Structures are given as structure tokens and as C-alpha cells.
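A single structure is presented below for examination.
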Amino acid sequence: MKGLFYPRTPTGKASIVPPVPWHYSGELLTFEYRADVRAVAALLPSGFGLADEEPGAVAAIWAEWQSCSDSFEEILDPVRGQYKEMFLVVRCKFQGRPYSRCVFIWVDKEFALLRGQHQGYPKKLGSIQMSRPVLVGKGGPKLEPGGRFGATLAAFDRRLAQASFTVRSACDRPGFVNALPMAHNRWMPAIETDGSDSLDEVVTMSGYGLERGRCFTGDFELEYFDSPVEELMSLAPREKIAAYWHEVGVSWRAGRTLSRRNLPEL
Amino acid sequence: MKGLFYPRTPTGKASIVPPVPWHYSGELLTFEYRADVRAVAALLPSGFGLADEEPGAVAAIWAEWQSCSDSFEEILDPVRGQYKEMFLVVRCKFQGRPYSRCVFIWVDKEFALLRGQHQGYPKKLGSIQMSRPVLVGKGGPKLEPGGRFGATLAAFDRRLAQASFTVRSACDRPGFVNALPMAHNRWMPAIETDGSDSLDEVVTMSGYGLERGRCFTGDFELEYFDSPVEELMSLAPREKIAAYWHEVGVSWRAGRTLSRRNLPEL
Amino acid sequence: MKGLFYPRTPTGKASIVPPVPWHYSGELLTFEYRADVRAVAALLPSGFGLADEEPGAVAAIWAEWQSCSDSFEEILDPVRGQYKEMFLVVRCKFQGRPYSRCVFIWVDKEFALLRGQHQGYPKKLGSIQMSRPVLVGKGGPKLEPGGRFGATLAAFDRRLAQASFTVRSACDRPGFVNALPMAHNRWMPAIETDGSDSLDEVVTMSGYGLERGRCFTGDFELEYFDSPVEELMSLAPREKIAAYWHEVGVSWRAGRTLSRRNLPEL
Amino acid sequence: MKGLFYPRTPTGKASIVPPVPWHYSGELLTFEYRADVRAVAALLPSGFGLADEEPGAVAAIWAEWQSCSDSFEEILDPVRGQYKEMFLVVRCKFQGRPYSRCVFIWVDKEFALLRGQHQGYPKKLGSIQMSRPVLVGKGGPKLEPGGRFGATLAAFDRRLAQASFTVRSACDRPGFVNALPMAHNRWMPAIETDGSDSLDEVVTMSGYGLERGRCFTGDFELEYFDSPVEELMSLAPREKIAAYWHEVGVSWRAGRTLSRRNLPEL
């Protein structure tokens, strides 16, 4: 049976996720700020600790991606490759090393949701919106001082976050919060639903072939809104650090398991 | 950390799936037919065999669900509880016992997709459409002889299936293909993406508190359409068995693991 | 060239709206209350006045429809016939007679949006959600005392309204606010966009073949939320009147023009 | 009462379309070809004739727009300004002058649909997908020789069109079919639905402030698929002319009425 993910079939053609590697090209808006460090700590599971430096730093990131497999066929059928996401990243420590960690994330396509689950990203579906830079006309922002971008997130018919970014100047690097290898938990509750996990891993990963494109820093506003099924408010900004619009190209093939605990074999 | 599924947090409020039990009320259109038995066999993974009786039987099922947790709050915020699904079920044998098994399935909400993954349903997102019975007016079909229902499935902007059902008479039971306990694989590829699986289980489950409502049988048409990322065509109908419109109420709390293979602990 | 609405073609096959008559079967939640009568008056255009009785009464209505043309083919391709809507109705007086009038309305399909424009309903697109009654299971409300329904409205990724309804008892009639013939304006600004209207009519209409199904009254909660592009807040409930869950079947063929003002012919 | 379009209110805040002017910035894929000239003629209403030159030429255009009003606030809330469209343009003659004319068009937002109706574009809703050029990474096409773009259209859960474009070289102009002022009919059937039109105009319009950005020509494939509610097949490509990826910035304020026929005033 072939297929990285389900459904597995003799050909693998119907697999919800194509074989690795996966290639990504995207435009991102990154908002870095300091939140209540206790709220960050409360989101770290057993075995994880706060980062030694900037333990309360958070990056709220909006991204518009095109992605494809090594067949590149998704580029010609873009409904199968384009998606947007919004995610919150904190920094942490595991087994004595510093990592970045995604604590909340929304995407707008199923293949991105499942691909993320493979990687330990806790993906939900949402409506992610962000301005795109324009070269001509007045319908969008320009990547020049004063250019203004907007970004919003909604899920289950409620607005969860909105942000604006005003370009100040070109810069070299889009921040530090999301710059470390990721450390994520992969959990799957046992079908007995008795509190035990059939899958209980900590994994780490990084992309390869990273290319950075244009990068601009600027001023920003960012606010979250409450929902009965979200917990963003505890991570609300207390002190701004910096914001960026930037381009990234990257590929992904595999990660590495840092810890694994099993239930007994049957 | 609380939360059946990710993201796990101190309160569990943001978990993509509420705690079990889950309650379901739905209307279903079930189309039972015989397909090429070799195509059914080809979709059964290692350890599974064809059913002794009716090994080539398939049920194509459209369902419109309302679902909720024990808090019942999803009923008051129906965007969090209503969803539709279309799925194909075959029969099979595992460890000497007969089971039903879902080989392909599409839903239109994220919580249904992830809940299904917990249960081993290979859920994708799609657009699922089906007529609803009406008591007054001419805008929809009536549950009386001659009433005609339509049902369609699409994903990635391609129509994948369409069916029609014409009521003939009331009946007792909505078919046999999906009537056994389910046997599903739960797989999660290792983050090393080296062909090994961190999670490799066969699980079985049934609902509880089953209530059957109205049930009608009738004539039907069913056809599938091809897609670069689906494999429905091999399961196309060769011989019709029967079709049903029916109502179901059921709850779900847990399943049972039939087999589990582990990778080494770290 | 054939086709009620655009695009008009030699066959009319591609018309965004099929030929009349149109048939509807639906389930509705109607919430009747009194708002600030000055807010109702402010939404009545020139030539219209407040109703003599209950001039501040508003009906907020959620409806889930199936609709079709006289070919009934939409019933077999339900994506072309099913839609939901939420609308606010007030009462008013025109040319000395009392009418009902829709002041705000959202639907979730394009054919409903354009059909409504033909009829003078000021339709926008939105996400409309409402519970459906169930006969079996615990996944939805039952049409019996204590059964609880929810209903929500969102547009542009913001929640605009939410309501709940608790069944008290069966009843005969689902309220009075939306019970009169409708009086609507049909406006199309001149392409010169100079403040003049190429189309400036007041029309009235009623359905035919009305069938009422089950009808229940009960208690309710209803609240609106603000948006930069909506004006619901001024019509917020001040005093509740009554709420209903009810079924309707109705057909529509034509209306009648009550007034028409033209720009010069060219 | 304020508001260009409905609903008209004392403030105009809730109008489905903001006041003119409207500003647009977009990326377009234009596919020009010759179709059966009789099929083009069949789509021209009374008073229109075939163009003297290239009467069978068609442009199939995919566009991804950002748009805003003079307040520019839609740029900061991009769900209210971003949309995609796919449309087919032919050339024609009216009152002795040559015009471009949109015969079929799909958009994915309501404000674009209604704005288009004001302008005589026969807009429906659809799912429009197109590759975006990238500067870094392998997830999308680059604007350099060999870069490959895909574009698709679907409506009512059926794929209607798909195309691919391969960059050959930079060029000056993105074709000729859509280069003339537009001539469109604006029709609104009388509410009596008796075959007469309350609004019956031919209008022309052009944008202002046109800025052209990058422009590339290349090779292409384009195919249409049938649907029970579309008429694309008669306009299928018979002979390719040329294809382009290009950027446009443009604003729009008003058009001019070329002919108007009225029903009697009441």
C-alpha cells in the first residue's frame, strides 16, 4: 500500500498528502511582541521549559503560500497547492536546547492541515486574509515607506485577530522568535479514549534550501478577540518588539524524533 | 494539559475536538452495489482479507449530521456542530472476524475531519450536497413513493460523484454493508519520513444508543467521475443492490485497539 | 435572446436565474420584537411612512430553503437549489396601504442573491447557520417543549447576529411582521454614477400556493454585533414580542409595480 | 438615503458597494484565441453586430484583484477588497463603433458581483484559481522563460475551465480583444415577469489612471468543460492567438449610457 498519509492505496494517488519533499514559496507578515511569560509557560507540555532568553516572546505570523510536491503538478492546478495560514510561535527549551514552537495555527486547506499534523503543528481551519504588495495601481499596498498592509483571522464565523503593518524600511532578517528549529508534540489519543496516547512523540524539524527574498520592517497594531473555542487572549501583546513583511522559499523532507513513549504492542 | 486532540492547553477549551462522548443525529442516503471484487481486495491493507459473503459489496453513503458534545453547546452555535459527509464502505475480515471498513470519505468541517482521524476514517474535505425531505411545498422531495432525492460530491473544484434516489416504500433496515463494527487502520508516518510509521494500529468501534428513525428504500442511479487525486473509478458500480433514505441517532465514546505495532521508544 | 436575468443567450441555459415560477420549501426561525421606532423610520425611503400599528416592530428571520424551477432539476443537483438566509423585516405604509418590507438580508448562494435583487430584496452574501429539528438522537433539538435551537449570522469574517429559541408549544401562526405583501424599492444607479437612478421602482409581491407546516412558539434571545459595513445595531431589540419555528412551502411567479420613475430615453 | 447600491440607509455605511471611485491592482492571465464566429454572433443582443476585424476573437482572462474605495480602508481589511475573477471577452460593433464586450464572467466575492452588475458585467459566483509568480523558492512559477502557470474555474461543484501558460519572453502589450471600451447591456426584468424589462440600457465605460506593470507572453493550453447551467462549449478555442501574464493598476468612476428604453412611468 502506498501513500504517506491516509488513504493508503495500491497506487498512492489518492493520498491526502503527496510524497515528500514539499516545496514552499510564500509571503509573510510577522508580528513579534512580548506576552505574559506565565501564559507562555502554561502552554508548554511536560518536558518543556521556558527559553532562557526572551521567554515571553511571541511571533504572530500570517503567511500566503504556494506549495507543491516534486512532481510540481500542483502549480498547474493551484487549488491543490495554494493556501494561507496564521500561527503563533513561542520559544522554549527541551532536553536542554532552545527551540521554536507553534502553539496555535489555522490554515484554509485540508492538505495543509494534515501535512501540519504530520509535523506536529496543531492546525485548525480558518479564514486567513492578508494584503499583497502591488507594483502598479492603488488597490493594494506598495513595499515602500508608508505602505500599509492588513491581516485578519476568523474561525467558526468569529473574527479572532486583526493586524496592520506600515512599512518603514528594508531590513535583513524577519525576527528571531520563529528562527530556531521547531519542537512539536505529536499526540494521538488511544481509541479507548481513556486518557492514554497511542502516539506520544516530541519531534524537531527544519526546512532546507531556504531562500530569503525581500524583507521590510515597520510599525504595527495587533489585537485578538475572544471565542468560546479559542485561547488567544492570554497571549495578547503586552510590549511590541518588531514587525516584518518578508518572502521565503523553502523545502521540507523530514524531521527527527526527540522522544517517543509507547503503549504496549498488541 | 487538557484536550483530547491538539492543541492541548491548561483548560482544553481550544482543543479542536471536544471531549467524548459525541452525539449525532443525521439523515442518510445509502447506495449499495457490487463492484469489482479485486478492486475491493486491492484497498485492504496487510492483515485484512475479503469478507466471506458479498466480498465485492460497497455502500456509498451521503449523510447530513448535527453533532455535539455532552455540553450540547454546539447545538446553539450550529456552525460548530453541523456537517455533511460522503463515504464508501466495504466489508472485510480481520483476525477471523467480519467488519465494515471505510475506504474513502469526505467531510465539510475540520472538527469532523479530525474526529474521524482519531477513529481511523481517512477523511478529506469536500463539498457534499444532498436533498432534504420536505413536508410542505414543492422545493424538495417528499418521503412518499416517487419522491426524488439528489446527492453530489466534489473536491478540489471537480465533481467526483452524483446520485439520485427515488422513494419506493418504507422499510425496516438501511442495508448490510455498513452494519458491522468498523475496522480501521490508524497510521502516522514517522517524522523521519523513511517509510516507517510511528503509529500503526488496527482499531474497531461501534456507536451506542442507536436510534433508527424513518427508513425508505427505492431505486437509484450512481456515477463517479475521475480526478488526478482520487481513486473512485475502480469502485464503480457493476450491479446495484439497494438504496435507502434513513434517519439515525447515535452516540460515540470509545473504540478498542485490535493490533498495535511500535517503533522503539526514545 | 433568452434568460430572465443575465447572461442572456440564444438558449437561456446559462441564465443565472431559471425561468419563473420558483418553488420554495423551508424551515424558518422568526424572532419578533420592538426596536426604536425612529430607527425603523430612518430606513424608509421617500414615499414610505411608518405603519399605523406596531410601527417599531421588527422580525429577524433565519430560513433554510430548498428551491427549484418548474423543471425541478435543481432538486437532483441540490447545490443549485439549497440556500440559507437571514433577514430583517419591518412594517410600513406606501400609497396609504400597509406592507411588510425587508430592510437587510443575507443569503449564501448567488442565485438567491440575484433572484432577490429582481424582487427588491437588498441581498448580501453571508454565513447563515441554524439548528435543524431531529426526530432521533441527541445531536439536535426536538420540536417539543424545551427543545433549543441556535441561529447565527456572519459576513466578512465577523459575527453579526446570534439567537436562541426554546420551544414552548405548538401554535397556529408565525407572527405578523412579515405577514403583509412586501413593498420594496428596485434601484440601479445610472452608469454615469451622478446620483441619478436608471431604475427607480417600488414593487409589491406575494407568493402563491402557500402551505404552512408545523409551527411552534417559544422563548428567545437575540443579539446583534457591530461591523464597519453593517447597520444592525440601531435595530437592536428593545422589547420582545414572540418567536417561532415554522415550516413553509410557497411559489412565486410575479409581482406588481407600484411606482416607476424614469430617466430620459436615449 | 445614501448608498450607491442597496441597502440605502441614512449613512450609506451598509451599502453593498462603497462610493466611487474604485481602485484596482491586479495580476492577469489572458488567453486569446479564435472561436466559431457564429457562436460569437449568437451571443450579441439586438443592436449589436460582429466586429469588422477579428470577429471571432475571444479573450479568456483570469484575474486576481485587490480593490478599494477612496477611503482605502478595504486594504486594511482585505476580505472586503480581494477577489478573483475569470471572464470571456469578445469584440463587437454598436452604433457603428467597435467595442469589447464581456459575455460570461465569474467572481468569488459579493461586492465584485454587484459592482459588476452596475457595470453590465453578467457576473456569477465561482471558484477561480491561478498561480502567482514567485521570486524565491520552488512553490510557484517564476516570471522567466519556462515558468509555468495554471488557472482553473469551477462553479456549482463542476470544473468549467482549465488553462496553463508557459512564459516565453517579456512583451509590451497584453493582447487586443479586451483593449477597447466595453459595451454592456444592463437589464432588469419587470417585476411582472412578463418578458418586459424595467431597465434596458446599453452602457460603455473605461477605467482611468491605467498603469501597466510587468507583461510576459508565452504558450498556452486552454479547455472548457460542460455544465447543465453554462454555455462555454460553443466558445471553445479553434485557433490560438497569444497568451499573456501581466499586471494592471486602474481606477473607475463612471460610464456613459449609449441607449436607454423605458417602460411607462407609474
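First chain written, first letter: the chains are A, B, C and D, and each begins at residue 1.
Basically, contacts are C-beta pairs under 8 Å (C-beta built on N, C-alpha and C of every residue); 3 or more make two chains touch, one makes a residue touch a chain.
Because the structure is a prediction, the values reported are computed rather than measured.
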item	value
Contact-graph separation of subunit B and subunit D, given in steps at minimum	1
Same vs different contact residues, subunit B with subunit C, by half of numbers used	same
Subunit A and subunit B, separation of their C-alpha mean positions in angstrom	30
Whole-Å separation of chain centres (CA-atom averages), subunit A against subunit D	35
Touching two or more other chains - residues of subunit D	77, 79, 127, 129, 152, 157
Residue ranges of subunit C touching subunit D (in the complex, touch as defined)	1, 4-11, 13-14, 16, 20, 42-43, 45-46, 73, 77, 79-80, 103-104, 109-110, 113, 117-120, 122, 124-125, 156-157, 185-194, 198-199, 201, 203, 205, 228-231, 253-266
Sites on subunit B touched by subunit C in the complex	23-26, 65-68, 72, 75-79, 81-82, 127, 129-132, 134-141, 148-152, 162, 164, 209, 211-214, 247-251
Partner subunit C, residues of subunit A touching it in the complex	127, 129, 152, 154, 157-159
